[in-house]
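Report on the following structure.
Chain lettering (A, B, C, D, E and F) follows the sequence in which the chains are written, and residue indices restart at 1 in each chain.
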Amino acid sequence: MKLVIAVVRPEKTNDVLEALYRAKVKGITMSRVQGHGGETERVETYRGTRVQMSLSEKVRFEIAVSDSFADAAVSAIAEGGQTGEVGDGKIFVLDLERAVRIRTGDSDVDAVTPVGGTS
Amino acid sequence: MKLVIAVVRPEKTNDVLEALYRAKVKGITMSRVQGHGGETERVETYRGTRVQMSLSEKVRFEIAVSDSFADAAVSAIAEGGQTGEVGDGKIFVLDLERAVRIRTGDSDVDAVTPVGGTS
Amino acid sequence: MKLVIAVVRPEKTNDVLEALYRAKVKGITMSRVQGHGGETERVETYRGTRVQMSLSEKVRFEIAVSDSFADAAVSAIAEGGQTGEVGDGKIFVLDLERAVRIRTGDSDVDAVTPVGGTS
Amino acid sequence: MIRGGDSAWMLMATALVLMMTPALGLFYGGLVRAKSILNTFMMSLVAFGVVTITWVLAGYSLAFGHSSNGFIGSLHFALLQHVGFGAQPGTHIPQLLFFAFQASFAIITAALISGAVVERIRFGAFVAFIALWSLLVYPVLAHWVWGGGWLSQHGVMDFAGGVPVEMGSGFSALAAAFVVGKRRDHGRQALLPHNVAYVVLGAGLLWFGWFGFNAGSAFGINHQTILAFVNTLLCPAATLAVWMAIEAKVNGRPTAVGAATAIVVGCVGITPAAGWISPAASLLLGAVAALPSYAVIQWRPKTRIDESLDVFGAHGLAGFTGILFIGFFAQRGWNGVGDGALFGHVAQLGWQAVADLATPLYAFAGTFVLLKLVGLVLPLRVSETEEAIGVDVTQHGEEAYSTGEGAILVKVEPPREHKLRGAAAKKAGAAL
Amino acid sequence: MIRGGDSAWMLMATALVLMMTPALGLFYGGLVRAKSILNTFMMSLVAFGVVTITWVLAGYSLAFGHSSNGFIGSLHFALLQHVGFGAQPGTHIPQLLFFAFQASFAIITAALISGAVVERIRFGAFVAFIALWSLLVYPVLAHWVWGGGWLSQHGVMDFAGGVPVEMGSGFSALAAAFVVGKRRDHGRQALLPHNVAYVVLGAGLLWFGWFGFNAGSAFGINHQTILAFVNTLLCPAATLAVWMAIEAKVNGRPTAVGAATAIVVGCVGITPAAGWISPAASLLLGAVAALPSYAVIQWRPKTRIDESLDVFGAHGLAGFTGILFIGFFAQRGWNGVGDGALFGHVAQLGWQAVADLATPLYAFAGTFVLLKLVGLVLPLRVSETEEAIGVDVTQHGEEAYSTGEGAILVKVEPPREHKLRGAAAKKAGAAL
Amino acid sequence: MIRGGDSAWMLMATALVLMMTPALGLFYGGLVRAKSILNTFMMSLVAFGVVTITWVLAGYSLAFGHSSNGFIGSLHFALLQHVGFGAQPGTHIPQLLFFAFQASFAIITAALISGAVVERIRFGAFVAFIALWSLLVYPVLAHWVWGGGWLSQHGVMDFAGGVPVEMGSGFSALAAAFVVGKRRDHGRQALLPHNVAYVVLGAGLLWFGWFGFNAGSAFGINHQTILAFVNTLLCPAATLAVWMAIEAKVNGRPTAVGAATAIVVGCVGITPAAGWISPAASLLLGAVAALPSYAVIQWRPKTRIDESLDVFGAHGLAGFTGILFIGFFAQRGWNGVGDGALFGHVAQLGWQAVADLATPLYAFAGTFVLLKLVGLVLPLRVSETEEAIGVDVTQHGEEAYSTGEGAILVKVEPPREHKLRGAAAKKAGAAL
């Protein structure tokens, strides 16, 4: 199994989600993060305090998939999240040793997309 | 060492924390996330805009443990987080190469539960 | 490639960021988390409800680096995040199989610090 | 005869009291969890919608319509009959303005009760309950002390509503907490205020409105107006100081939620007494009123009673204290009307005590019976699952703090949707 | 002759209406996404800055200066000439106070239009637009009904601004939405309110201010003041009740955004009618006004028209309904002036209908032309990228909710910085 | 003789000024980091609790008690002696109402100072300081200009508090910043406002209250009331316009925090001048007052002076500007009393300049000494660790935005808990 982690633009979140649904990826966990990359930095002013903002809002996906499904997930994210401008983000794939479904206690691939898909 | 990642229901957070404390797991990192799985989707209405909400609030745990402690951590989470209804969440276990305690610079198992437990 | 995950004090965030910039780490993803460790717990009171707060605010970094860069990143974080008091946090290093830059589709080391650094 | 200055002040005072209803929504909304703020706020807003209408229909008349029974008013003023531009007897303001001022009281009192049952009552059941309550409980209590009822016949002094508003809401809240039952997480998890900034701002706005509430209860510009205004400044200041001193002593730290609560308690304490006691007595009342309310608000969460936002502790008890206090400290030299026990008129104390017995009984019993009746027709509580998900989403289909992520536009309105309800509607939605 | 009571009330009423401008900022700010709240709020605040000045320069005079053309006022009062402490004709308050009260109306009306174009209009273009609008559209409409213009010559009844304020803003908003165009995400993504607590609090404060708005439009203490006040209590209560009933029927759940909207719609509906109709008719108007506004607010987001915060549905339509309603229900027995069709004076209905035709035409056309003209000189919209990043950061260089993480102090002010603009400034910043 | 209209307006004006204290809490609370909002808000609320009481005890008397020394008042009115329902000399409102109006000024002025020392002063030390300050600094300055003191004897014009309120708070804030010292992160990290929506809403509510502040300072309904009201509308509009123009020129983008600040600065500028200058001069003052305040607010954060929320820049300086401006622009034709230098009375300018010298000296020195004295008895600052954790948690044991996660109910109250303090209490808690 693999754990796919992706960081994308917030405004592309729904596109990525739709691409994942289309790719039949069912289990997804998502959070709001801040990222630093090659993007232009913003200058902001608060009264006399002028700051350079080196972080931009991003959304992070975390998706466990069976080995055979990893490529499909990566492609779906890459497709849904792409604008072609600096700041589109990254996808990381890690090896996943074990997965457990809390509701049932089922272990391993049963708990991840697509085998044992949750709906 | 292992890195245990778990996604649970927000209302079970404190139960999971207590189960982990009882299992003598001391180091825990936690964040609020949103998840998509087999749960029923909600319809919400904002004036004339009607939307289907495909994400539910979840809480994500991230816990580094020594190999021998991984099972205990997984069981504790599974026990504390279970309701038996769809949406209870998942636990993922990854292999962890190295852990460093920032305060001291200590590396490896010294830095994770239970060896070198922090209190 | 490695995935470096670090949990640090919020008030040291900018120090860690600066240390990372100095170490020429360019791609960084960051989020606000809550942590439980060896820190003293706080008692809070809301009208007649008295609670013990077992979690403290922390900031979590997630940084993908090429193998050769992992040590530099770990040192930078450890240096920037250290106060010497309990609660400074931990750094975890995992093996990273694959990294993809969404903008271009480039895979592997091209997408992580420092090779193909994004700016 | 209508006087311009009197009317100007009463217009303003009425607007101020009306503003207290959204301010209460904010205060209560900050005290609950993020998943319940909208429902909590809505219970205040809906009181405006519902009680305004019941007040026109009959509530005002049942409170202020002349009657000989001493218990409840006649229907003389129902549907705003006989309410026009003429001067309200005993005042120099038009009857319609008097009606509006009294309406603002009925509205906020109904809204106050919601604090007892947040995060689990069904919205529809709450609406039905306050419609009945605003016809059968509030007007009765108001009639007793202000509408020519038996308490007023015995000279009970209640300047701005210790009886109908403060004890009326506080003891009703207690009954409601008993009937509706506790939240599933009460006593098991820490249920913390999700936004204390809203709580303190809400308390600040309530306090602002309270100047209209108390000084408006003189129905024009006279000595009691000024006295009530000054006392509404002094009394909560004393409560705040005492409350913070107690907290500093007990916890080592005064709290913001405590400060907000203290301001409300102080305002409640002075409400019945505002136009009757001297400024010095008002400072004393502020200090005295802090004690029982503080004690009960500390003790209550440790019990099984989930009277969630402590309407009883803050309003019921402080109102009780205020009413009794008048019995001792009323001073003709200041109010121009009558003295309390300390100034020689012990009978006043007796009748104030009677008001302090009769009001809780009627409010508690009335609410208990009404809610049980509503419960026969409509389920009072949301389901366990709905409670866990949160009343905002399940009762109103909304979230207060939404980012729009994962929200997919539903483009085609399903034709039969409007026939579906509750769980059925949710399933249908999911199937789209 | 100046009267104290009249002036006291009008001072207060003016302050209340002024308060509505920040309240509107909060209401609108809660309805947009978190990345746009400051820009949205700023569009209300800047209306205060800009329109106050244009009002002094000429706006007030163009509205209230005597003229014989019936279309627009003279420059008699420009630069506050001839505006002093003497009584405003027909009232017992000073001219300067009358001026200030009217200023508060012009300010909030300009602010209202911003709801149509949030999240994409350029701030500078908006400023230029409302400066012109407050000189060429608002004063004209105000002159028609209040300044001795043609509609007032025919006895059109508009108590507190159905013509200049409600239809004036609502139909201008519609035109602005057409000229500026839709947000890129409109119809593609769900654009949800980021803080519904702000929305309901904002609506509550708007309602509070509306008592000054409507009851202040009697310019003192008289029967119409009291009538307008009571009607401002009753009408939105009815709208709220009806709106929630409809939502309960259609969705199974009344919503908080719906309740907030209903309160605004009810207040708008009664605005023109407040001093003209009976309290009973006011309740009816509240119910009636809910229907077209509800329908349009449901329908509009499904179209390509991104009139983002439904200024047209809430203000334009409900103002239209209110103006027409007067034609039927005006009642001399209550207002002391004249009757509507139901009480025998059919001509009144005719002229109300004329106002309902002429106002939308002028407001829509005027705004359309002015915005096109502004667009010739300044780009009206931010770029696509700026829209995606958010107007707070790109138009104001600020975030509403900032944690300070990743924010690096810029210590040395770059010497040539002040010569750089926009993208150039951003690059220079990045290069520091 | 008491007049109804005058009293009605002054009741309302007093309520408005009292509302400014929670509004200030919100404004300041939004400007600090999320971990400090409650403490920041509490410093305003506690000013209400503490200063109300010191004002009754002696503050009011020290300000307004007749004296022959010209420096500080007698104890004639201490404990509210000789303050009753009779007319306040020179006005048509009761003495008690005059007392309450003045109390509201003392309260907010003390609260204002807190802006200088947020996020690090110990709460107890702040309480002790403002108790003393409200007895020894504020009343002295108020006596000078309003209580028959030496400045008033020389005809210094200060309509609503340029001396005691604006310079009083502003220069005290500067001294407080010096004595308490800077936050550990000042100049090292970016300390950004955590909620700019609170800041703009707070500014909006402050502005609303300011109409009571300035127009209430005429103590009834007269020409100066109207003039002050209109000027409070015009002056901040001009400041806002100028401030945004400067920001647009310097940064390319006007900001929301800037707009909120500008409104406050404009209101401060007009405060002393409100009833003395013409509307046209008021617009000019708005523009002029923007400049020094803008410059200092830009420059200050780059220095080592952590006068955190720029009370000096916004209040001290703009108050200074306003007082001086009167010396030029006071106009008998408008104020009915006297002229400034431009209208032939150069001596007025001289004495305004004297007020502008003496006030800063006394306020700065008084605060400096008082805080040093408090520091001898109580530590002024929280520890470095407490500052890093945040003053909300360490000073009040609360968080503003809590989710309840990881919060474990403490069921049994430890018996000896109430004897423990600070660090000890925390340890005990951890050991439970």
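Worth a mention:
Everything below uses one rule, namely that a residue touches a chain if its C-beta (ideal position, glycine included) is under 8 Å from a C-beta of that chain, and two chains touch if they have at least 3 such contacts.
Just so it is clear, the structure is predicted and the values come from calculations on it, not from any experiment.
Common neighbours of subunit E and subunit F, by the contact definition above: A, B, C, D. Common partners of subunit D and subunit F, by the touch rule above, are A, B, C, E.
Across A-E and A-D, it is A-E that has more C-beta pairs touching. Look at where the CA atoms of subunit C average out and do the same for subunit F: the two points lie 43 Å apart.
Separation between the centroids of subunit A and subunit F, computed from CA atoms only, is 49 Å. Those residues of subunit E in touch with two or more other chains are numbered 3-6, 8-9, 12, 189-193, 195, 251, 253, 255, 257, 302, 397-399, 402-403, 405-409, 413, 425. Touching of two or more other chains is recorded for residues 14, 17, 30-32, 34, 36, 45-46, 49, 51, 54-55, 85, 94-95 of subunit B.
Shown here, the protein chains touch in all possible pairs.
Those residues of subunit D whose C-beta lies close enough to touch subunit A in the complex are 403, 405-408.
Against subunit D, the residues of subunit E that register as touching in their complex are 3-6, 8-9, 12, 16, 33-34, 187-197, 200-201, 203-205, 207-208, 211-212, 215, 220-221, 223, 225-227, 229-230, 233-234, 237-238, 240-241, 244, 248-257, 259-260, 263, 279-280, 283, 302. Put simply, subunit C touches subunit E in their complex at residues 10, 13-14, 17-18, 30, 32, 59.
Looking at the complex, you find that subunit D touches subunit E at residues 2-9, 11-12, 14-15, 18-19, 21-23, 25-26, 29, 37-39, 41-42, 45-46, 48-50, 52-53, 56, 79-80, 85, 94, 96-97, 99-100, 103-104, 123-124, 195, 198, 392, 395-404, 407-409, 411, 418, 420-422, 425.
Those residues of subunit E whose C-beta lies close enough to touch subunit B in the complex are 190-193, 247, 251, 253, 255, 257-258, 261, 297-302, 310.
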